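There's a structure below that I have some questions on.
Chain IDs A, B, C, D, E and F follow the sequence of writing; residue 1 opens each chain.
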Amino acid sequence: MAKVVRNIARADADLIRRLGEAGVATVHEAQGRTGLMSARMRPIQQDFGMAGSAVTISAPPGDNWMIHVAIEQLREGDVLVLAPTAPCDMGYFGDLLATSAIARGCRAAVLDCGVRDTRDLRAMGFAVWSTAISAQGTIKETPGSVNIPVVCAGAAVHPGDVIVADDDGVCVVRREDAEAVLASAEKRMAAEEDKRRRLASGELGLDMYDFRGKLADKGLKYE
Amino acid sequence: MAKVVRNIARADADLIRRLGEAGVATVHEAQGRTGLMSARMRPIQQDFGMAGSAVTISAPPGDNWMIHVAIEQLREGDVLVLAPTAPCDMGYFGDLLATSAIARGCRAAVLDCGVRDTRDLRAMGFAVWSTAISAQGTIKETPGSVNIPVVCAGAAVHPGDVIVADDDGVCVVRREDAEAVLASAEKRMAAEEDKRRRLASGELGLDMYDFRGKLADKGLKYE
Amino acid sequence: MAKVVRNIARADADLIRRLGEAGVATVHEAQGRTGLMSARMRPIQQDFGMAGSAVTISAPPGDNWMIHVAIEQLREGDVLVLAPTAPCDMGYFGDLLATSAIARGCRAAVLDCGVRDTRDLRAMGFAVWSTAISAQGTIKETPGSVNIPVVCAGAAVHPGDVIVADDDGVCVVRREDAEAVLASAEKRMAAEEDKRRRLASGELGLDMYDFRGKLADKGLKYE
Amino acid sequence: MAKVVRNIARADADLIRRLGEAGVATVHEAQGRTGLMSARMRPIQQDFGMAGSAVTISAPPGDNWMIHVAIEQLREGDVLVLAPTAPCDMGYFGDLLATSAIARGCRAAVLDCGVRDTRDLRAMGFAVWSTAISAQGTIKETPGSVNIPVVCAGAAVHPGDVIVADDDGVCVVRREDAEAVLASAEKRMAAEEDKRRRLASGELGLDMYDFRGKLADKGLKYE
Amino acid sequence: MAKVVRNIARADADLIRRLGEAGVATVHEAQGRTGLMSARMRPIQQDFGMAGSAVTISAPPGDNWMIHVAIEQLREGDVLVLAPTAPCDMGYFGDLLATSAIARGCRAAVLDCGVRDTRDLRAMGFAVWSTAISAQGTIKETPGSVNIPVVCAGAAVHPGDVIVADDDGVCVVRREDAEAVLASAEKRMAAEEDKRRRLASGELGLDMYDFRGKLADKGLKYE
Amino acid sequence: MAKVVRNIARADADLIRRLGEAGVATVHEAQGRTGLMSARMRPIQQDFGMAGSAVTISAPPGDNWMIHVAIEQLREGDVLVLAPTAPCDMGYFGDLLATSAIARGCRAAVLDCGVRDTRDLRAMGFAVWSTAISAQGTIKETPGSVNIPVVCAGAAVHPGDVIVADDDGVCVVRREDAEAVLASAEKRMAAEEDKRRRLASGELGLDMYDFRGKLADKGLKYE
């Protein structure tokens, strides 16, 4: 069952970049509040966001052999997405693997497991979101698969999907939806700019969104 | 049952400011080790402390409608305190709501739920303590209440209570106790200054607090 | 049963320093993947690593009396290691105790419990790894022991063992193994330097480690 | 601050009994979805429900001294409700304390901490809901309070409030609301009986509650 | 995006029954250790196992409206599988919904959320696996979808997949793989019968599986 | 480093049996509140207690090979104690291994990991305490050790130590302390019998333990 899918489709690079600029919260809203990974998925760096194409890894618990296999499949702008087949907080990924990934043009990993060498990774400018930080070493005994659909931190990820990640977490955009989601996200951002200006000037959301009547209808009383 | 209490009493502004300078650990001790929120309540920023008056929100799980209602009740120096009526890690609060709160003079929120747009919030200088970070969107369907007593992260909060928050967590001071607690906190701080100087000079706590005899009485042996 | 062991052996200072430079992940690997504390043990500071000799404390839950006793036993370069006898997230340690510890030459603590005054501790340059951050105060009623073997965050620690700690967590090296572990760690580091250079140049781990055949033998297929 | 309030008001016994028969889910709904303790609060026995008047205990972490004080305040039909002032999973309560409580007419305890002797307690017919099971012993060093308002597993409890508990968890009914809540709960139960009969006969909730139009209005499509 | 897929394919009834008899551990092994839900998914009853066809529900957090919609789609032998779109421990399901589901021939639910009326459900013979037990009520405001692919407790589930559940947890078998997985499971069970007999007679696994040499080759020493 | 220690000392069988009758809470108290495993360690059966000699297993995460090795070392009355070298909730142990263990006279296992086939194990009368229930399969690739000192669920265990386990959890008694601990436990049990009789007759702990004066001295007030 262990297999590597070599040719995967990716979304357009400019589209991916703009999804990254929109950020996780906006993209998540723009696609109907789907695709968000669990809040257990946290960044090791602060004040940084990006987007890239998922190269997925399904790996046995405590076995990071397939990361080496996946690295060969990486292209500029890809994100490694690792889902162990059982919950595991061991340190699958560290500075040597990051060195190798960087050489292939990859700058980020999303790991539903542990990461190590976190200080070095920050110094190298390699971004990581993970569900644990742990120095615990893994083995290389059992193959898994690369570029098959996986469930990572509660979200379904297909190879080539767009991964949007920042301080708020990680959101998955299906590759075939990327263009529509971006359009919706950018419309949302434009609308928010106007709202932000009005709210900053002191206008209340109660008035701007016309909430007072609806709240009264649903029984809200003022004392 | 959904209601908004408009006129709440607040503690004196200078008193609140000085409680903020005393900090969470000192205030918590000064009031007899009560009022501390759960250790799950964590800041999204580092090396920052403050205090303010609680404007409380009781909101349904996954519904942030009442934050708009609460913002109208904010005055300079207030802190939004949100307690969902069931455990919820969704992102109730983000940069648009912060923009609106800042326009009313509010600079901080304490949320027993998730927060999003954390990078933006840090950039805006809006401080947040929350029990989760999550981009997950909420709805606006069911009213809750503003300025009623709530339980937030395990601590009882009444509207107008003083919220003291820093890197160690969040502590609630009952408004009517604020003056006495501050007096006790400042006495404690003065006493600590002397202790700090003596300990820094190498004097041992064992001697300074006269512990040796008590420890021996309770059976401590040296080998 | 409460006792203090006054004379403990420590590893050589230069050896300890070099273990600190090797870091947690490398040391953990070098000693056969043993001695790692739980991933719940996290630093309050970022981008900092060190090593020191363990002065161990076995303390009752919610009682920090023995830290004062332990501080008298500290020497330059020691690390306080505190294991409560039941799980406890209360704030056993803060800035006054750190002031006293620093006066004895101690610069770090590893606490399977809570810590408070975290902002002050960072400002003082006192490093802490803990399993919680909490302002919750402790009492001084029941003696425990100093410099006995303890289990801290899942790892056995004997007094005088070398504690290696950094952003990845905390690892314990048995004092009597320190020299051999360092030799192995430094050999590992030298080997990694070459691997890092080759990976950075674009060589794949699949080739460098000669994995292709083994993976095929275990059934990995390419599509 | 440590105090015991001796005379507390209790709700009518028949009213309490009927709230117990209504059960947690019904009572929680009947009072507007308030008063529910956290899902961490679990029973040590199965298929059993009851209600009683709260005798509250605010106790220091790891110190069960006040349970002895509270037992003197118990009357027939009371429930001990213990809230430690910091999170604690130690075993505050066991078979000796239950023996003493039973002698005062108390048959249940609700503990935001650990319990021990669970097999014996089941054999004695003493019901317990707790947030942990642990044999870890506690001390008797620091007084707390009896019959003051507490926050237990996230819910505010005043002395004399009605505690309703069964396999689903624990719900608190304010004493002064008990009669109205019971009336609402019994109305709800009567209405549910009819619904249950209709649903059992095969009628769909979609039709019985007239949901089809509302769902279509909100955009639900059938394929 | 809210939709209901009405016609879904199901596996053969006899095949499903036999997968249920094989049980979770065997089926999980037979299909290459895939499809297992998280260990957070626990039964409310003991010593019971079953299998059925998944009718899937994607529901907003805290909103159980779609369960009514799903019940109309149930056929004899189906299992309701509910995945909220954000983590939620509220009580989506109780005895009234079970009454309705039973009337459609459904006898079990698998819920990545809370359940209530657990005592009644056990009495009714309706089996539930859930990630929480909670009386907390939900609302009916926002449609979701029925019979779309979902991620439930970390496992991908497609409508019509076979859900195998027992005291060990819940495993998902893709409908199109059901026959092959059953064949493999039954082969495994036959082989285990022989092993069980040999082990029961005192033969060691070390000998039966011929492990001694392999262990020695990998360095195992006896002292 | 992988090794098996074949000859381990065990405590006297009668002594072990009587420690089992004393139970976890009593034994834990009798030995000065030490040796208790974490409250995460829970039984799969109810209302059952026992004691036995520890045969310890140190196993890699997700690898149960060493259980086969350990089974050869079992004698009548032993308990398997498994500590993975990294946190792991996978199902290391099931009915086949239990069949083999029973053939060697072993009737219980204490596992800081997952267990599977729980219904079968209960039916076979094989008792298990574990930190998880999971069908997730393990591999047999890397040797560990048998009968070396381990840390299991936070407690240090040496081979041959007495494991006391019941519904309250698991406690470890050092083999060389077993006789003294039993003497202390039985003295405690005798004293408790008298206390139980007095408390059952209505005497208050406040009087029996002479607490009133001490509580008043520490400031307790009655209102």
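In this text, a contact is a pair of C-beta atoms (placed from the backbone, for glycine too) under 8 Å apart; a residue touches a chain by one contact, two chains touch by 3 or more.
A quick note: this is a predicted structure, and the numbers were derived from the prediction, not measured.
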item: Smallest number of contact steps required from subunit A to reach subunit E; value: 1
item: Identified repeat of the E-F interface (over half of residue pairs identical), from A-E, C-D or A-C; value: A-C
item: Whole-Å gap separating subunit B and subunit F, where each centre is the average of the chain's CA atoms; value: 41
item: Centroid spacing, where centroids are CA-atom means, of subunit B and subunit E in whole angstrom; value: 42
item: Rounded Å distance, subunit D centre to subunit E centre (Cα mean); value: 31
item: Shared interface positions of subunit B, touching two or more other chains; value: 1, 33, 36, 39, 60, 86-87, 89, 134, 136, 142
item: Touch-based graph of the chains, sorted into line, ring, star, complete or other; value: other
item: Touching pairs - complete list by chain label; value: A-B, A-C, A-E, A-F, B-C, B-D, B-E, C-D, C-F, D-E, D-F, E-F
item: Of all residues in subunit E, those that touch subunit A in their complex; value: 1, 32-34, 36, 38-39, 85-87, 149, 151, 154-156
item: Subunit D residues touching subunit E - in the complex, by the definition given at the top; value: 23-25, 28-29, 33, 36, 39, 42, 46-49, 166-169, 171, 192, 195-196, 199-202, 204-206, 209, 211, 215, 218-223
item: Residues of subunit E touching subunit B in the complex; value: 60-62, 86-90, 134, 136, 139, 141-142
item: Subunit B to subunit A touching residues, read off their complex; value: 1-6, 65, 68-69, 71-72, 89, 91, 94-97, 99-100, 102-104, 114, 116-119, 122-123, 132-137, 140, 142-143
